[in-house]
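A quick write-up on the structure given underneath.
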Amino acid sequence: MEEIDIVRKYFSADKFVMGAGIEIVEVRKERAVVSAEIGERHLNATGTVQGGMLYTIADFAFAVHANYLHPVTVTQNGTITYVSACRGGRITATATEVHVSGRNTVCDVSVTDENGNVLCLCRFNGFIKPDDRSKYFG
Amino acid sequence: MEEIDIVRKYFSADKFVMGAGIEIVEVRKERAVVSAEIGERHLNATGTVQGGMLYTIADFAFAVHANYLHPVTVTQNGTITYVSACRGGRITATATEVHVSGRNTVCDVSVTDENGNVLCLCRFNGFIKPDDRSKYFG
Amino acid sequence: MEEIDIVRKYFSADKFVMGAGIEIVEVRKERAVVSAEIGERHLNATGTVQGGMLYTIADFAFAVHANYLHPVTVTQNGTITYVSACRGGRITATATEVHVSGRNTVCDVSVTDENGNVLCLCRFNGFIKPDDRSKYFG
Amino acid sequence: MEEIDIVRKYFSADKFVMGAGIEIVEVRKERAVVSAEIGERHLNATGTVQGGMLYTIADFAFAVHANYLHPVTVTQNGTITYVSACRGGRITATATEVHVSGRNTVCDVSVTDENGNVLCLCRFNGFIKPDDRSKYFG
């Protein structure tokens, strides 16, 4: 089984993310990429992608990346700045770790629409648990 | 129609929030309260409530409160600090505006489990649009 | 020696805070209060209190409070929302712990001018070091 | 007069930053760089660079960059994640705008010691005032 398939299998147990139709596109040392095709179910009362959906896809990109790089990482803190609204198409979240030191990791995520317009910018602080087994690779 | 029913009717168009099973419990000048009964669909790969679900319920409590207090408010920035994990039961998000000045509002939201344990603490910065009509009350 | 004098003595070694003329006004279980008389040296190029000065007084209120409540606490993360500008008089920062769980503490600080107007709102995440001796009280 | 000298002249009126010994090293479209030689006056009670000093140098790098790129920009929101402690030498803050849309700008700043170790990572949200005159260039 390829590395990405092991990661996909692990996260298939994330019911909230699966229910939101978010898929893992790529995961490697430099970054993780996840995406979702926007439908009616992702929209808010004004007909744009709901802020919680944008946060969810960003946080998931972070989770995929951090847990790939480190054994078991939990989000301590997240911040999101909304930049522009989106009404449809495919949205993509790209996570890149910007720093790791001891048990603390800092990761930036940007979410874009299918034309490359930035929808929101996120930063996550994660805590790496003192566990030497990888969540994915046992 | 009661005030809360007008608000509920307006937000019934928020498909993402409705899909997540989040309900409006209370909305008045001092605060807004929303809640959801946790089920399988809200859990992550470790069996606890997904971080995106916690953010979504918090952001929604903010949206309900801010749009009740002001004509049309959009989230500019959100921060979330995760405090403890939750495996089930009913979770509740309570939003309280902590400051408003000109077109800027700051709102704190705490999300608790059914025993009152804090799950996460959020702060939102919103921008009040220069529109004199209420989203709810025309 | 009174409790507050022990705390003042400890923080007299904080040269940056002392240089900025920040004084400890009150410290007890519920909150810590620090303040400073604004002078020329605290202003930015537009003649209002510099954003770094506002952050510094807020972070210091948090440090005084957290280190009073817990043995040794370090700031992991801080956020500041600027609400209004200030040109002079005495400014006051009041810190209140909003949550503590395990080694993590969350603290809110508001900074006001001498008329009680809010200048900025801050939230800090601190890590409580595994050390059973108090920084102040040995 | 060279461009950077005009910027330096403008910010010489920032008394708080000048008092902290922070200098403008570089300012151009891609980034702004400011730095300070750490002395006794910048230290906290544990002998490391005070958190407020780290925030101040980061916020100043953002101010220099944003006001260079846009007429008049004010900080709305700042976040800082502390990564490692520093006891001396020269520290440098580098600001890069990561997004601008309408009147909103998002800027990342990292502060490093003289060996290139990251001390803290910051993100700022700024509001660009509707004023067509440059603060620096009339």
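Of note:
Chains here go by letter, A, B, C and D, matching the order in which they are written, and residues are numbered from 1 within each.
Here, contacts are C-beta pairs under 8 Å (C-beta built on N, C-alpha and C of every residue); 3 or more make two chains touch, one makes a residue touch a chain.
Note that this is a predicted model, so its numbers are computed, not measured.
Set against the C-alpha centre of subunit A, every other chain centre is closer than that of C. Subunit A and subunit D have Cα centroids separated by 29 Å.
Subunit A and subunit B, compared by their mean Cα positions, are separated by 21 Å.
Touching of two or more other chains is recorded for residues 76-77, 79, 81, 104, 125 of subunit C.
Because contacts link each chain to all the remaining chains, their graph is best described as complete.
Contacts from subunit D toward subunit A in the complex involve residues 79, 81, 83-84, 98-99, 101, 104, 106, 108, 118, 121, 123, 125. Those residues of subunit B whose C-beta lies close enough to touch subunit D in the complex are 76-77, 79, 104, 125. Across the interface of their complex, subunit D is touched by residues 10-11, 13-17, 19-20, 40-45, 50-53, 55-57, 59-60, 63, 74-82 of subunit C.
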